[in-house]
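Okay, so chain A shows up in both of these, paired with chain B first and chain C after.
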Partner chain A sequence: MDFSFLLTQMVSGLTLATLLFLVASGLTLIFGVGNVFNFAHGSFYMLGAYLGYQVVTVWSLNFWFALLFAALGAGVFGALIECLVLRRIYGRANEGGFQILLTYCLILIIDDLVKLVWGAEYKSISRPAGFSGSLTVGDIAIPSYNLLIIAIGLVVVVASWWILNRTRPGKIARAAAVDREMLGALGINVPLTMTVVFGIATALGGLTGALAAPLRTVTPGAGIEVIIDSMIVVVMGGMGNFWGAWLGALLLGEVNAFAVAFVPEWATLFSFLVMVVVLIFKPEGLFAPRTTRKV
Partner chain B sequence: MAGKHGWKCLAVGLMSLIAVPLAQAAAPAEKVIRIGAMYPMTGRPGLYGMDSVAAAEMAIDEINAKGVAGGYKIDAIFTDSKAKPAYAVRVANRYIAEDKVHFLFGVVSSGVGLAVTEVSKQNKVIFVGTDHAATELTVDNFQPYYFRVSNDTFQSMAAGALYLKEMAKTKPWKKIAFIGPDYSYGHAQWDELRYNLDRFGVPFEVVGEYWPKLSDPDYSAYITSIMKDKPDVLVAGFWGGDTVAFIKQAKAYGMFDKLTYFHPDAGGNYELMSAMGDELPLGLILSARHHNNWPATERNKKFVEEFKKRTGRYPTYAAEGAYAGIYAIAQAVEKVGNPDDADALVKALEGMKLNLPEDPEGFVSIIDPGTHQIMQVQAIGTTIANADFPPAKMMLGNWSVYQPADIFVPAEYIAAKRKK
Partner chain C sequence: MGISDMKSLCNGNTLGWGALILAFALVPALMTSQYQLNVACNVLIWALFATSFNMLWGVTGMLSFGQALYYGVGGYAIGLTVTYLGSQWYFAAFAAGLLFTLVLSFLLGLLVIRVGGVYYTMLTLAFGQLAWQIMFKMYDFTGGDDGLQGITLPGLLADKVYYYYFVMILVLVAVWVLKRMAYSPFGLILRGVRQNPNRVRFLGRRVRRNQLRIYVVASLFATVAGALMAGVDGSVHTDMFFWTTSGEVILMSVLGGISHFFGPFCGAVVIILIEDIVGAHTEYWSLLIGSIIMVMVIGFPRGLVGGALDVAAKVRAILQGEKHDDTTLTAGLGK
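For the complex of A and B:
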């Protein structure tokens, strides 16, 4: 087994892990701060992919603008959904059940919405100029676009850490995760905080959709394809834990990459096996959420 | 508040609501062939469902304009199958019990097809399969009330094996690898290709087998691993949008410079060409159950252009299957004289000759009486530049054509499978 193969396989795993993490980060952020399990998070990813397609292919504009447009579009749409729909079920008895039902309905609605606007045909966008080539390692090439995805993932990890830990809005968001009532008593506009957090999380979903579009198929139903693996990542990492989601995604991506290389017939099973092992030995996830830590 | 005019409108509206059903009840009962169709309308397979419905409606309009002998008109009900077997079974039962349909129709997924064929068998209601390819339906799970009017995976793979045999003369190959979805459709293709390679005496060495899950969005790890295996030919069994994702990702790794990509069942579906535009690599070897640019007959051109006129897009292969199914039903009712005698209709469908858009000059499709599987000419092509069907910039060309008798499931294969 030569080194260049192991390296390329690792990069393959990292690409998958980064895209998984970017979707899961939004999912876990909404759960951590708002205690909402947004089953429709994948639909914002899909919406981002379509917005990216609109900018790059239909309007023939710049790919980087497409990323921004997709993030903003999905974020604004997400904030509106939170404001107009989700807010109405906060605090109800059996809120969890309502959340699942409501966000599942959103999947169907957003799926049909993109079908109405863009049609059911599969869409695709080209990789941006400057990232259509590849780097050669041994006799295998690594696409430069995959390296770009990994780099953007790292930037999001660092920026999120900085915002959550070093800025006032980040501290407010973390406080909202612990005690919303207390936060309100301190004069913070809690509903607005929730809307903004939801908007940021869905913007992350939209950004990921546009970022993945040059590699994947843009189609109605694309959201469902990413939501299951993202849920695995979120559960493994500890529901609502940002770092946990990152570690979970890395673990899942790399296990998948090496399982494909060495035991291809069992590769799909391994993703689930990893989750089972993590949940047996650390049922609260790799990182327990802050709210459950003992003081 | 509604003004005077508003009240008038409301009154007229209410009257028409009452009057229309009365008028319908008063009219003499129309002679109707009732078809209960099921197609997925959402998610990835939604495109196939929408294309099937549009093409079936097109065929119904064409036939109803002329009328079926005996004064019958075709009336089809379309329901979203949700691509779920249990749900489709409920719909099929409702069609039979409440809507009193004469035919069950449609279905994109073989999983759904296998479930609906049981309903058809129990109720002795003919099920015309238009777009699902599992060979099991006409071989292992054969039942007399099931007919399929699009080709099965066996025919694609037999044609594929013959293509590879021919290719070895000009472009020697030995090592092959497979990648396809990890469910019956993927496994059937791989088993049937190897069976046919052996049957035609083609030597080969398998260097890798990969089974991603259906609709897996990311194939990077598979691509690098396949390239490590260094196959001469990569046989792909992807379905739907998975082909688009795989080709986009594999192209970035330079995979198509190092091996021959071979995808003979669903790879050549128009959706791939339309999604990828000029990004589609040249020289991929693909086929599908219908091609928009082959055969270049007037019948096929008319079908494709009419479809485009109705929907604003060119059809995926699902469309031609649904179109063929409606024509098969009309022809069977013409022959029997009514749509009520299921056993007579079965006899009429067995051995039926159909002139379809997919038939090249001088050929007609035939429904094999032993399996109820349609026998058609199969064409495999390679990707070449062709912008006649926008948004596609590439289409298939350099066709190799295979005769139905050469690629049909052999009797010993059927016997062995049915024995089990």
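For the complex of A and C:
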């Protein structure tokens, strides 16, 4: 086993981790702030992938515009869904169950809508100009698109941290996570905050879908695959904990990348094994949640 | 004596069970095709699966996302045994499946009930998916993605109508047992575990031990449902282990109402029938089902059974309200 092989696997693991984290951070945001478990988050990811396909392959426009379009499209759709559907069940008895039920219905609906519009066949997107080759250092070749994903992921992490911790909207979002009623009493429009947070989180999902599309095929089932992995990430990190999700994604991404390299047959087992091991030794996740312990 | 006997016979409980048995017993007589019998079998089996699942969630407050594991064990116990050993081993396979679930759910239960809330849910999901992966990959033994076809049943059970009655009797007896359990002292402790585990501890009862018990019991009944399902189409499929199977019983339970014992049962009936009717008419059935269920969820906050009871209570209140007004009026006049 040589060094270049290890490095290549590590980079591919890091790419996977970045994509996972981008989806999981949206899931974490919705859970942390709104206390909603958005089971349909993967569907917004899939929607983003299809919107990206529409822009790049059908309209043959710029890839960067596709990213923007996918994020905006998924975000607006997510905000609409929160406003029209999810808002109606807040505060109901057994709310958690109804959340799962409603967002499960959303999976069914979005999956079929996508099939209706784009058909059930596999779609693909080519990589953007300038990122189709790979970067070679000595005898190590790393696909430059992977590096792009990692870079974008880093930008999103830093930007989210900055918004959440250093700006007024971020402060409002964190306050909503702690005490919604008090926030309302202070004159903040809480329902609007929820809608905006949901919109931003689903926009992150859409962006990730478009970003991942050149690496994977675009299929109607893509949402389901990604939601399970991101749920694992979120739970391993401790529900609603941003940095926990990051660490969880990193762990899962690297484990997956090396499992694919060494035991490709059983690679998919490993994500679950990792979670089982983590939860047995740290039942509350890697970082115990601070604000949302009531689950 | 006679009157009280009549009363106990005519109370809602007995009447309800009578109506239930009659309704399902008449299906083979009223059906117009073999297909409808299949649908009725599906309804019964899913109803049992959902009811057993709700013993965990609605009663004890443990939202498991991995009951498909035990459902699949039931299905594959029958499927593998009949395929490799022949249909004369059917009942032995049934027992073996139950035994396997007993051991497996006890061991996994020890592990998963250590963690609570969402973590319990995710851990059950993880074990379910692990089982699915293993069944999926062991192609030579389990048929992998193709599943196992051509499972034949022994003797009279090979006849569809007899098999339907076999399913019906087993399901109704199982549901009756679960109902007795839900309202027994054990069931009360389980409710206590959901509402306030600390009070249960103060009463000198062990929370984890009772959680483990109901986890094993619910898993055993899920295995019964899975084993029965293997005979309906004569085939089993790895989808039985997939997380969407666990998801489906959650849908049924929420739709029917998890705080009522028969909620999941009704939810299962409604969902299977909707799936059947919608599936026959359009390719985009999941879009329609999703929309229909979404409207139901928004319209019935307490589930279908809860909603129906609310309506019934309102009607009764209106009727009794009038009567009540009359009596106060006459009483006032009498004074």
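Basically, the second predicted complex is superposed on the first by the 281 of 295 C-alpha atoms of A that agree within 3 Å, B and C clash if a C-alpha of one lies under 4 Å from a C-alpha of the other, contacts with A are read in each partner's own complex, and residues count from 1 in each chain.
Rule of thumb we're sticking to: a contact is a pair of C-beta atoms (placed from the backbone, for glycine too) under 8 Å apart; a residue touches a chain by one contact, two chains touch by 3 or more.
All figures in this text were calculated on a predicted structure; none of them were measured in a lab.
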item	value
Clash-or-fit label for the pair chain B, chain C on chain A	clash
Partner chain in contact with A:Leu108 - chain B first, chain C second, else both or neither	both
First (chain B), second (chain C), both or neither touched by A:Ser12	first
Chain B versus chain C as contact partner of A:Gly96, first or second or both or neither	second
Chain B versus chain C as contact partner of A:Met239, first or second or both or neither	second
Which of chain B and chain C A:Ile140 touches, first, second, both or neither	first
First (chain B), second (chain C), both or neither touched by A:Glu284	second
First, second, both or neither for A:Arg127, with chain B first and chain C second	first
Contacts of A:Glu225 with chain B and chain C, given as first, second, both or neither	first
Contacts of A:Arg87 with chain B and chain C, given as first, second, both or neither	neither
Shared contact residues on chain A - chain B and chain C	108, 111-112, 115, 265, 268
Complex contact set, residues of chain A against chain C	37, 85, 88-89, 92-94, 96-98, 100-102, 104-109, 111-113, 115-116, 228, 231-232, 235, 239, 265-266, 268-269, 272-273, 275-276, 279-280, 283-285, 295
Residues of chain A touching chain B in the complex	5, 8-9, 11-13, 15-16, 19, 108, 111-112, 115, 119-124, 126-127, 132, 134, 140-143, 145-146, 212, 214-222, 224-226, 256-258, 260-261, 264-265, 267-268
Touching residues on chain C, where the partner in the complex is chain A	57, 63, 111, 114-119, 122-123, 125-127, 129-130, 133-134, 137, 243, 247, 250-251, 253-255, 258-259, 284, 286-287, 289-291, 293-294, 297-298, 301-302
Touching residues (chain side chain B, partner chain A) in the complex	42-44, 46-47, 50, 182, 208-213, 215-218, 220-225, 227-228, 241-242, 244-245, 248-249, 252-254, 271-272, 274-277, 279, 313
